[in-house]
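The two complexes that follow have chain A in common; it is paired with chain B in the first and with chain C in the second.
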Partner chain A sequence: MSTSAQIRDVTFTVPERWYRLERQSLIAGVAGAILCIIAAIVSPEHFLRGYLVAYMDWLALTLGSLAIICLIHVTTAQWGFAVRRILEAAARNISLLTLLFIPIAVGMTRLYPWAHPGADRDFLTHLQRPYLNPGMWILRAVLYFATWNISAWALSRWSWLQDSPPDHAYRRRFQNFAAAAIVMWGWTMTFASVDWMMSLDNHWRSTIYGFYVMAGQGLSGFAFVIIAAVLLWRYRPISEYLTITHLHDMGKLMFAFLILWAYQAFSQGLIYWAANLKDEVNWYVNRTTGGWWWVGIAIILLHFFVPFFLLLSQDLKRDTGKLIVLAAWMLVMRWVDLYWLIIPNFPDTKGHFTISWSALAATIGIGGLWIYAFLVNLKAHPLVPRHDPMIYRVIEAQEHGH
Partner chain B sequence: MRELPIWGLMAEFTSAADLAIATRRAREAGYRRMDAYSPFGIEAVTEELGFHRTKVPLVCLIGGIFGGLAGFFLQYWIHVLNYPQNIGGRPLNSWVAFIVVTFECTILGASVSALLGMLALNGLPQPYHPVFNVPRFAFASKDRFFLAIQAEDPKFDIHDTFRFLEGLGARDVQEIPN
Partner chain C sequence: MAEHEEHIDEMSSHLAPAGPAILAPGHTFATITDKISAVVLSRDTPAAWLLATGGFGLLMMWLLFATAYQLARGIGIWGVNIPVAWGFAIVNFVWWIGIGHAGTLISAILLLLKQKWRNSINRFAEAMTLFAVMCAGYYPVMHLGRPWLAYWLFPYPNTMGVWPQFRSALVWDVFAVSTYFTVSLIFWYQGLIPDLATLRDRSQSKAGRIIYGILAMGWRGSARHWKRYDSSYRLLAGLATPLVVSVHTVVSFDFAIAVVPGWHTSIFPPYFVAGAIYSGFAMVLVLAIPIRRIYGLDDFITTKHLDNCAKLMLATGEIVAYGYIIESFMAWYSGNLYERYMILDRMGGKYSIFYICLISINVFFVQVLWIRRIRRSPALLFLVSVIVLAAMWLERFVIVVQSLHADFLPSSWAMYYPTFWDITQFLGTIGLFAFGMLMFIRFLPMISIFEIRELLPEAHVSLQEVD
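Take a look at the complex of A and B:
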């Protein structure tokens, strides 16, 4: 069969079964939003902390997806061909998350110690004023969201323009733009992680923090795309173009990001452990005492060691049933890691483990809306960029039994 | 073992797809003692040739674990047993600080054992191999694809195998002198 015949034969729409999932996720999103509103009325302070955990968790999937699209374009990776539209639909959710950032911006004075009224009495906060002040913080947030929205929409839009009329001329443009976008992600996310997470304790600083958060985002992105790809693999057209070798490759990259994340986390810990300075080490004391110890141990064992040894196995990475479970597990542990990073920053939770119900409610709420918007995005365009020149390499590789 | 007059027969193909098809046909025809040569790896061909899992990953894993343990206990032995010193009031068994060297030794152990394990299991270095007696074999590292069937193969018959290889669409079939 000739290549063009194979391209024409398949349908490119989202399977109808997924329409039910769309309604369910919208219901979950609305229910979560109502719970969030109740939580915000009962205790705005506690709600905002939980909301921030949920927000950073879903932001990680979105920006992780954006970074993976850039990676695919820069390296012209074959494994990325069949999943690119999935990633584009996820990355465009950055527009939803731009809106969902409003509660954090509005609640800034309740969430961040440097934004509290009278925070200037603290000398260090006073010195940090040129950077950590509400106006600059908002301005920077606007710049981050502008960068991410432009990146996600530009890469998506050119991807659609490839479809009709068929145009092969986008490869160079994709490659150049993606190279710039991945660097911009590094810049903006480094500052964003300082602004939104690290400044929750503005007496503590870590230069590796941004990279640590970004390694986690890459991990979330790969875990997400593996789940979505395996679920869509039962249907055309993904089943036509996605091969087990592609999934194996994505499993390897998830493994790589898991190791990268652990490397950052450990490097940061080692430096503060070795220096053992009172100002710096308190951050770890807050997270390793009063019940948080067990969360930390759980992260070391269940976020790193268990998945690490499982992912060493080639058989596991080529077994879609097992790989999808492990990817889902990684997303759960990403949430736990963000919870451990964010929640023990506050006076009543430092060194005192607490369950934040609003974090769970907000995770369901944002998650429901996120999945709903993802499915709406996914439906709007063909599932595979069928006129991308990469299709010939993918088909050729299949014919040779890859 | 009796000395065979030739080592085998070598068929030359112009494309990877032809080589993959030829390898499958040869396998279906019952040939087992054969090998394929190409400028790059072709997964379909490796599968047809029946390349099974190698033991290199296992050797590598064991080497890595051994390297890690050795790295850790080297430091433990120095800092706790052999020459204990109080450094800034930290515990003698400062395992956090030991991790860096442990990690590096894990990689050293894994990579050295992977290299040596690979050489031990695939029989390299091998200074002489009969396939190089065919002058055109030099193209195997450029743009040609070769399938060699050894004379040792029970199904091998110089005339039948020659015709069989020719029938696969080979550009050329040559004898491989011993």
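Take a look at the complex of A and C:
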């Protein structure tokens, strides 16, 4: 009974449907891009706001995936074996998002109040100048993207080395690098969330904001990987290595990130509500009046309470059909939450609910390109790392039915 | 069968890289039971135990004396005054309750995450939680000034028509801490039951058989017992899990919902929870390293355990460091005069030496835990843990005292100095904690016998055959 004989077929034949999906997503991407261009011509301000929502939404999937890869390596998690390549393909989309950041950088002066000409007349902006100035902002963005690109590509490249023997050379390297990468993600994403989202209203600040955005990214990442894993489950080699227990574990982790996200949202809300300081509660006033109230209520109920009670059920986490619907729902609600965070920052939308069509167009546009790039990335390499030693543990667990 | 084991060996050689196991090789069900129960039943009490019990017992006696003195004289014997009305009492409360958190994390969350290595350290980590919560609970009650009226904090229908202020975080504390203590106690006790039955069956003395027999509540170890035991244990773990987060979150609200610069910041809940677990693991290591040495329990508490605890300490330490840095950054970014002053005063004011110490330890020094050799060296790890415990105490001191001593109104600024009673009462609670732990390791199995037995491969083969 030798171990090598037990390793099941890892070859993957790209199904016809894959190409169809590639075509469709590319079409969606191009159509979205055309709509975005029209929107940008009609009203650059409104286009940029919507674009930022869409951008942060897809960035969450990308960086969430990166963080989950690190989590898998640091904890040597079994459930991660069969889905790691999916996550790696998603994380490498950071290169695409680096390019797609250009409109935000170009439109900086239209989006951010501190970047407006003459913003220095505001005393607070004047005080914040050493940090909030266009040069530093661009420099920091370069650093963030460099960090994320290096992390995603390094983890992918070492992973590809595992397509051929030897079996156990990379474990420690992965572990050390992933631990450092997760710390780097924490720092870069914190300041990126300040730069790109929080500073849309530079009179407001919250120390938990970075954690809050990152918890949302983790949640998006798990929702995405659950969807991708369930869809790929009918094909080899995912079908050989992914078990319902793994899916159950991912469901639990999605649940954990949902709770973490809600915990941070609640903590910030309670602390600001109790202190009731003008500088701080304004942020909530802007988001709970003039129609935004209903968005807030929807987030509390549909983003937290309903999924929370559903995810308590073990049966639901082990039912692929239901879990994938819930994961898709989580992605929709992540978008709503980002919309609620970003849009009410602007003078004409503070306390005044509006539907931003450009946000929808940009979400479809970036999303189409993102999914297209993801599919191309994913099929370029085998779907499981054949020589990752974890393969033995996965097989052993399957044979003994835990 | 042999083929099967060979196959497992071969696979684990692929999997587990060089590194210690969570249970030393060569053990059987019998040797595990013998070795752990012998500490309680048959081995001679080590001289170190007698010495420590004597010393810490004296400290505990001092606490009793200081408490009596305080009841007679009031909290005027402490150094607290306006503006620093929360001195050592709250510093120590937060420090002690934080320490308890590692116990609950190990027993509940790591159980649900199927982390088998927890089986060797959960029992004494849970005991540590209980004694730490007792030390913590002592302070807010004494701080009331009239502790005999402490029951007024509970909402009960009364003729005075007085209700607690439910919007005060201090009332939330009452519920958080009392729930925490209750659940921890039940969880710990339920975990003990099968082992108490083992002690009952093995005890040579009549008193031992009677006492352990009563405590074991008629445990016979039947399949039905085990089935129910397992489901209720998991249920309790599920209930205890939110408590790991909720208790210190509520403690952080004590500060954060106020408007005092240095207290009022939204990062406090996750940052406090991380700090609690960080200091808790430091305490676990401070206890585990000497215990395994003195009682020769290296087989059960291996360097793998030390390594894992150190890694968790490092991970939570990073979050704590994040908290300090974000807090300072946002104080600057806010442009708020008071917030900016508070941070500058922390860094360069009259209490700056404490801030500098805690930052150098919790932000910089703790990074030595990235080095594998330090994580696996008991002596060095012990040293790091003691330093971390001291730094976490300083952190609470800075948060409580420095933030209060210079608030919005410069005319009311004043320094806080602890009195003789402040300092010795704190030492007294250390005595209480250590004395409790010493009693526990002498009279109860400090390592879970039945859960260690579950680590043996034999325990799993039988399960597979049942399938």
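Just so it is clear, the second predicted complex is superposed on the first by the 389 of 402 C-alpha atoms of A that agree within 3 Å, B and C clash if a C-alpha of one lies under 4 Å from a C-alpha of the other, contacts with A are read in each partner's own complex, and residues count from 1 in each chain.
To be clear about the criterion, contacts are C-beta pairs under 8 Å (C-beta built on N, C-alpha and C of every residue); 3 or more make two chains touch, one makes a residue touch a chain.
For clarity, every value in this text was computed on a predicted model and none was experimentally measured.
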item	value
Fit-or-clash call for chain B and chain C when the two complexes are aligned on chain A	clash
First, second, both or neither for A:Thr207, with chain B first and chain C second	second
Which of chain B and chain C A:Arg172 touches, first, second, both or neither	second
Touched partner set for A:Ser164, first chain B, second chain C, both or neither	neither
First, second, both or neither for A:Ala274, with chain B first and chain C second	both
Larger contact residue set on chain A - chain B or chain C	C
Common interface positions of chain A, toward chain B and toward chain C	270, 274, 400-401
Contact set on chain A toward chain C in their complex	1, 3, 123-124, 127-128, 131, 167-168, 171-172, 179, 183, 186-187, 190, 194, 205-211, 263-264, 267-268, 270-272, 274-275, 277, 279, 389-390, 392-393, 395-396, 400-401
In the complex, chain B residues that touch chain A	16-17, 20, 42-44, 47, 57, 61, 88, 90, 96-97, 99-100
Chain A-facing residues of chain C, complex	3, 7-8, 10-11, 14-15, 17, 167, 245, 249, 253, 256-259, 264-270, 318, 322-323, 326-327, 330, 333-336, 370, 464, 467
Interface residues, chain A side, partner chain B - complex	245, 266, 269-270, 273-274, 276, 312, 314, 399-402
